[in-house]
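In what follows, structures are represented as structure tokens.
What follows is a pair of complexes built around subunit A, which joins subunit B in one and subunit C in the other.
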Partner chain A sequence: MNQATEQHNNTDQKEEGDFDVAGTILNHIRDDHSWHLWGHTSIHLPVILKTDKGFEAFSSSRLSDEHHQLVVYNGNYPYKQVDGKIKVMNADGSINKEASKKVFDISITKNVVSMYITVFLLIIIFLGVAKAYKKTGVTSAPKGFQSFIEPVIIFIRDEVGKPYLGHQAPRFMPFLLTIFFFIWINNLLGLVPFFPGGANVSGNIAFTLTLALFTFVIVNVNGKKDYWKHIFWMPGLSTGMKIFLMPIELLGVFIKPISLTIRLFANMTAGHILVLSLISLVFIFKAVSASAMAVPFTVFISVIELLVGFIQAFIFAMLSALYIGMAIEEHHEQELVL
Partner chain B sequence: MVVGSVAAIGAGLAAIGAGIGIGQIGKGAVEGIARQPEAANEIRTNMIVAAALVEAVSLFAVVVALLGNG
Partner chain C sequence: MLLEINPLVLPDPGLMIWSALAFAILLFVLGKFAWKPIMKAISEREQGINDSLATAEKVRAEMAQLKSDNEILLVQAREERAQILKEAKEIKDKMINDAKEQAKDAAGKIMADTQQAIENQKMAALIDLKNQVGNMVVEVSEKILRRELSNKPEQENYIKQLTNEIKLN
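Then we have the complex of A and B:
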């Protein structure tokens, strides 16, 4: 809870000893330039900025002093961390909004490192399993980690791929499996409260938006003639109705990825907020005895979150398959008789 | 502080909606399983997926409430 007091001292001028619940929770679910390990120890991640004077990189430890107070670092501009974001400061200590807009932060943040860990895990798991299949073939019984991965892959193929994509399923299975395992491992890592986990990656709207954009591109690139016809000129309706439906269907093209984005983001963020709120009860009541209630509830919610992490990864893959299936569907043309 | 309370009311209303929705799903699933116990596994999977979809809508509202709060 070191970060909590830090946050408390820096942003909120509340009375000492008054625990700032919302600040603590937001601080924990937010992306960060350093990764807090324990006590006063944290990993300082590199800050990379693109400014109009060129790129510059420095350690995020320059942004705070030995007492964990945020300080100004003089690079191309004087930088200071304000609410987790790097801002350009004026000489009098206020934020220079004009200059801050021109600075693009492409740092390797906590979320980015967490994603690298996920990618690393995926490579280890899947190259290992693939090697095992090369050695023993697909007909022999699975061994070791294969026994865990094989049923999951078959589950995705039979519950997601085949029902929505039919005979086209093999074309899109690599995408569906990648997106499913990537989201699932990120969700699980987010539930681990200490170092390799703890970053709220799948509860970051930029992350989920990027994943949804992949689905959006794949749906619209693979969309057949019938898909576009159903959007712009719905067959079997009167001309007035066709014109009326066109903007609605066109909006639907964009609402689908947006709903994918917000569903995953909201579910994972809500889970993190719930766990943190329950743990915060101990600090709100300022009594160790409160943990008798807070800890079992936290464990209970965490177990539910294990389920939610899987279900949300599954639903993301399922809805992606559904949207792709709707776009590549081949209609056997028959005018509706109304 | 007033804004915070309004956001809390919004989150509460969203919870009511999700409660009704998930209740209906649970009711449907239990009835389905009672009539056809051999289909229990398939019904359970579909129930969980439908519940997650309903839950997501209420979470949209919670996120809006949070953003309004912040």
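Then we have the complex of A and C:
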């Protein structure tokens, strides 16, 4: 391991045959403008930028030359990819930080494509299942994919919806089911090591933050009077205590979505890092024999990740339901007597 | 900026926009065309299963009820039979008793009538006897009167003898 750390420290002075573990892993788990398929073949995804000179779009192939070295592309500004991000360069080859901040990158990246593959898959699957229900009616037993999906839906309804939302569950089931299946399928696709998968969508903090924001909005839009009362003026306590609790409770409103964001992001990223690290052992030791240990471990971790992928999707949906349930709960005024 | 230390924990706004769009599309499309019919179908199926189970339970309860009703009917029928038998026996006994009573009464009446008849006959016989005695006395008296009334002791003896004869009766 010392050797690995040393190699990591010496990444700047890279020699031929040297293997940069941290760099490789980070490169794999981070978003990218092109999707590597195999060898030197990759899909170059479109780059869409908005600057003060307006929108511009170009292929990400312009950002690298035929030797796969990153080069400057002269659009409205001279752009270059630095650590996966598109930066505006100065004439002398340094980053123009001022101009770079004004660049708003809404490119179709690897994660975006992967995410929309998931969207496509989900729509195909669930419209098909819905059609099956319409065709066979409710009197016959579920068939094919329907019989695989139905228990999962019932599981989410009975383990997530009903315990936390009670009779209000049907109102929020579409949200809970969508968020659960969206995360789950993204997690599963992330575990597939080649083309349609391999993107680390659910391990990307922007993705998890967005989903957490949906939960945040739904929680606070549906929050009942009691919910706000418990935040700003906790009933049953002395005035001093009420004032003391107010900022804490208010902070809690924001900590909830943040915890959702970080939990999913950290779990999925950790899984990817773990699998990649185990595979990297082969390159660190520079011996095929290392795979005798690395491959079984990778398989083991991958199987665990399969489980984690489901559990994290379930936990995200469950906590969302819990937060919504806390917000819409109607307290039957039970004053705390101290 | 602290967050700029590691690009991994820096949310990319572009990706956030695409994520929000993706989730919104999913929520709309699936919510409208998938979750609604699926949830409806599932709850309908569950409702159907629950209804069937409830119906089966009800039918079973009805069967049990019928069975116990039958048993109650059977017991009642048995009791009724016993009652009827008892009543019949009572009626029979009563009839026999009544008949006995009547026979006794009739016998008693017959006896009384007979006694009455005997008494009457006896009285009639006595009257007849008395009449005959009277006649006899008249006859004896005639005979005595026809005989001379000289022999006084002899007369007295004779009267005594006659009197004795009468007593014999």
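One rule holds for everything that comes next: the second predicted complex is superposed on the first by the 324 of 338 C-alpha atoms of A that agree within 3 Å, B and C clash if a C-alpha of one lies under 4 Å from a C-alpha of the other, contacts with A are read in each partner's own complex, and residues count from 1 in each chain.
Going forward, a residue touches a chain if its C-beta (ideal position, glycine included) is under 8 Å from a C-beta of that chain, and two chains touch if they have at least 3 such contacts.
What you see is a predicted model; the values in this text were computed from it and never measured.
Engineer: According to the stated criteria, A:N267 is in contact with first (subunit B), second (subunit C), both, or neither; which is it?
Structural biologist: A:N267 sits against subunit B, while subunit C stays out of touch.
Engineer: Where does A:V253 make contact in the superposed view: on subunit B (first), on subunit C (second), on both, or on neither?
Structural biologist: neither
Engineer: Return first, second, both or neither, reflecting whether A:F104 touches subunit B, subunit C, both chains, or no partner chain.
Structural biologist: second
Engineer: Where does A:L306 make contact in the superposed view: on subunit B (first), on subunit C (second), on both, or on neither?
Structural biologist: neither
Engineer: Between subunit B and subunit C, which makes contact with more of the residues in subunit A?
Structural biologist: Of subunit B and subunit C, C contacts more residues of subunit A.
Engineer: Classify the contacts of A:V21 with the two partner chains as first (subunit B alone), second (subunit C alone), both, or neither.
Structural biologist: So A:V21 meets neither subunit B nor subunit C here.
Engineer: On subunit A, what residues does subunit B touch that subunit C touches as well?
Structural biologist: 26, 265, 269
Engineer: Residues of subunit A touching subunit C in their complex?
Structural biologist: The touching residues are 26, 29-31, 48, 83-85, 104-109, 111-112, 115-116, 118-119, 122-123, 126-127, 129-130, 133-134, 137-139, 150, 153-154, 157, 170, 173-175, 177-179, 182, 204-207, 209-211, 213-214, 265, 269.
Engineer: Spell out the part of subunit C that touches subunit A in their complex, as residue ranges.
Structural biologist: 7-20, 22-23, 25-27, 29-31, 33-39, 41-42, 44-45, 48
Engineer: Show which residues of subunit B lie in contact with subunit A when the two form their complex.
Structural biologist: Touch list, subunit B to subunit A: 45, 48-49, 52-53, 55-56, 59-60, 62-63, 70.
Engineer: Can you check the complex and tell me which residues of subunit A touch subunit B?
Structural biologist: 26, 159, 262-263, 265-267, 269-270, 307-308, 311-312, 314-315, 318
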